[in-house]
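See the structures that follow.
Common to both upcoming complexes is subunit A, partnered first by subunit B, then by subunit C.
Up next is the complex of A and B:
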């Protein structure tokens, strides 16, 4: 698997000034309100050999996710649960600021934050993915590739993973004479909830959701909050060096709940889940 | 640039993609053309032109390749103790020697480079030297060159720059007059719009974006006039009533006259 190294984006002072002028008028450079997301597009089944796949476009950010299910040994301490492994990479074609090389801190963070949202919300009922307790379990791999990076990779990747999982069909494995065999049949993925993440950044005193790459280059602090279908908070990641006030965190959390609900409805609509 | 002024020998034009044969025979390979045996091959996508002096390709897309004497708008992205590194929207990053700004008695110990030009600042500069074996070198030693204090920043494809300037600057003059703005165009496709009010600037930005998107279409100046609500009567007066053009734009116009020939070819 290729990986990535990202260099810092330097925003022109003129552009920063434009951004400040826009913010002072409660607008953003692309005309959005502070709490408005970019248009979300989801395309399913783009990888024929995967058990589920999705291409998600969030504005100009574009991510491909693929689900592959195999069998393997369970993780230590989680003998009665299937294994879920989410990985993410940013391809060098994604942006002029990405170079081939070992994954940098930000890319590792991306994979971890996305994984955490899916794992901690318990989106997949992993207990249903056990063949021989303690010995053989289903292993669900979700691999993501960012193919165009224009900010907010966290949410775009998260939506791609969720969409790919919602549309995936798991192969049915059976134990025959102590060996795992693929029956050729498929089953529904045991989905329990639909986690939706929402990233907000602070620039000066304002909090904006779904930042573009330019806004990320100017941000002081970043926070990603994931909610489940009931609107409960299940994962959180604070990034970058700056801080948030309690009020700003409350604002971001509220946005995550309210906007999360809208995005969840959109994901369900676009993936046709449950129909 | 009327038809009568075209060279006596017929100029043949056609659309090419990289690897296409332009012509066979004893022609000189000019820009974006290489020779392979007896054939001249295009190296970029664009309009191939075979004239008296050889064959060349006017690119329709692609990145900016620096040329000596080009006026460019760049962004300071870093500096060492002796020079600034400038992003000129190209595959090459340019250098601006500190001596060019501070003079020959520049001392890295005494002079604070970031006070003069900080990372993120935009500058207008001229390309002093470039030969593909070394990164392009810039200079600010001219009137009107230097840091850009204000304005709205836009990036267009470098191949659209001649179209944005128009014949003898007609397009850009139309936009500037109708929107009460000043438009600074770098040959590398970076454009800075400054205006008295934000409405004018917004309108100018819209017009520039339209030129970029519809650069290949005919009657573009008319479309832009319609967008800007410029009455047709000003069409003839425009060049006369225009305020004196800045040196940058003048030079840029001279530099693109060659390319403008092709625009004419397209219309023919």
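Up next is the complex of A and C:
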């Protein structure tokens, strides 16, 4: 059952006052503008046993994503498509507020929202990942571990998944005598578009992007919007207990297109995709 | 999501005979669970959903209580017989997420500061599912909360819009959800003009996005009128009938 709760991080009154003072001067505690992201760093191929991997740092938030490819049965109703499964986990190492155990509702939401952005954009051409139609297909797992949580896990995790997939090489499987065999060769991952998510939060009347953990503890509402390479919207999730006006949503949507384009270019540059 | 067949025919009619701006038939009955402090039963197209509210009441376990306001708890659950293939009764990840977004959609409407150290429990049981069960569930839950006499700022009405055959349509049904292009559920407080839930899956151009959001809001306003009618019927039913006779 879903229950309202205290925020995991308690921000002291003085610190909250500082945040308000900064916001009234159109600044944030770390000196950023409302529309400015924290520095993005991407390191690739850090896990040699994975078919692709990335470590993404967005400010102090740090996420590792790894791609593993197997074969299996297709999903029901999607017989002629490979399967793509994105999962996310916030490790107990990530913050003093995380406990080991089954995922709580926030982690379930994180994993589902990140998965939705990648899936709905159809980033990977899954029709190219079929061995025996209706029977055997490639199953691409992208698993993410948050190893340091300082706000905006949605975007950091999403960028990690995208970076890991862009840099991945899939194994070539073949059917021999009715059995799946790994040929030992690799192939390019069939990428069709690069989805980029942008998360914004509303604190009072201002909307700011890429919130830190401290800012999230003071937020009224959150919105995550994913756009594809054509600048179309492919996924959205409003979160937290506050609300937005229609105007705020439309502005956030426009920002996600404009900023998304910048971030996409940055991800392409940092991953060296297409070179 | 790739579409395989036409879902809107040459006359502009959809698979269930509706036009692109038409809502499925919606019926709400208030006060259907005797033991609950507030309840509502909604039929939204082929959705049949029961919402019951218990509270404000003491919080168990006690450590969950908040000193300055009420705890809102929400459970969205699908009955095993509500779907085409039997649904495992254990809560799925989807239900966990919907329970969360549903709570977050209702919370802005409630004046929880009025009931410190207490809990309000909202149970939403999907008995038969069609597309858009989360919207129907929020709509029913909101009416049930009003029926329970909880202090509220506004009523939350919910409705989805989406893309079918590259057209933006109101209130998508099961078939359109599975085979169509995009689904955008929205919950909205009509008086405060605030969006309390919004999700999207599927691809929309910026123009379609804007159109879709506006259309969903329009749908929410239609749903809101039905919610008001349902509450009026329970509390002023006899008076309404008398007025009509006169």
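Keep this in mind: the second predicted complex is superposed on the first by the 268 of 275 C-alpha atoms of A that agree within 3 Å, B and C clash if a C-alpha of one lies under 4 Å from a C-alpha of the other, contacts with A are read in each partner's own complex, and residues count from 1 in each chain.
What we mean here is this: a contact is a pair of C-beta atoms (placed from the backbone, for glycine too) under 8 Å apart; a residue touches a chain by one contact, two chains touch by 3 or more.
What you see is a predicted model, and the numbers here were worked out from it, not measured in a lab.
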{"item": "Room on subunit A for both subunit B and subunit C (clash or fit)", "value": "fit"}
{"item": "Centroid geometry (CA): angle subunit B/subunit A/subunit C, rounded to a multiple of 10 degrees", "value": "100"}
{"item": "Which of subunit B and subunit C A:18 touches, first, second, both or neither", "value": "first"}
{"item": "First (subunit B), second (subunit C), both or neither touched by A:235", "value": "second"}
{"item": "Chain touching more of subunit A, residue-wise (subunit B, subunit C)", "value": "C"}
{"item": "Which superposed partner A:246 touches (first subunit B, second subunit C, both, neither)", "value": "second"}
{"item": "First, second, both or neither for A:10, with subunit B first and subunit C second", "value": "first"}
{"item": "Nearest Cα pair across subunit B and subunit C, whole Å", "value": "8"}
{"item": "Parts of subunit A lying in touch with subunit C, wherever the complex brings them together", "value": "1-6, 77, 105-106, 108-109, 111-112, 116, 119-122, 223, 225, 228, 231-246, 249-250, 253-254, 257"}
{"item": "Subunit C residues within the subunit A interface of the complex", "value": "1, 64, 66, 71-75, 93-94, 96-97, 99-104, 107-108, 112, 121, 178, 184, 189, 192-206, 209-210, 213-214, 217"}
{"item": "Subunit A partner contacts - residues on subunit B that touch it in the complex", "value": "75, 77, 87, 118-122, 148, 150-153, 192"}
{"item": "Parts of subunit A lying in touch with subunit B, wherever the complex brings them together", "value": "10-18"}
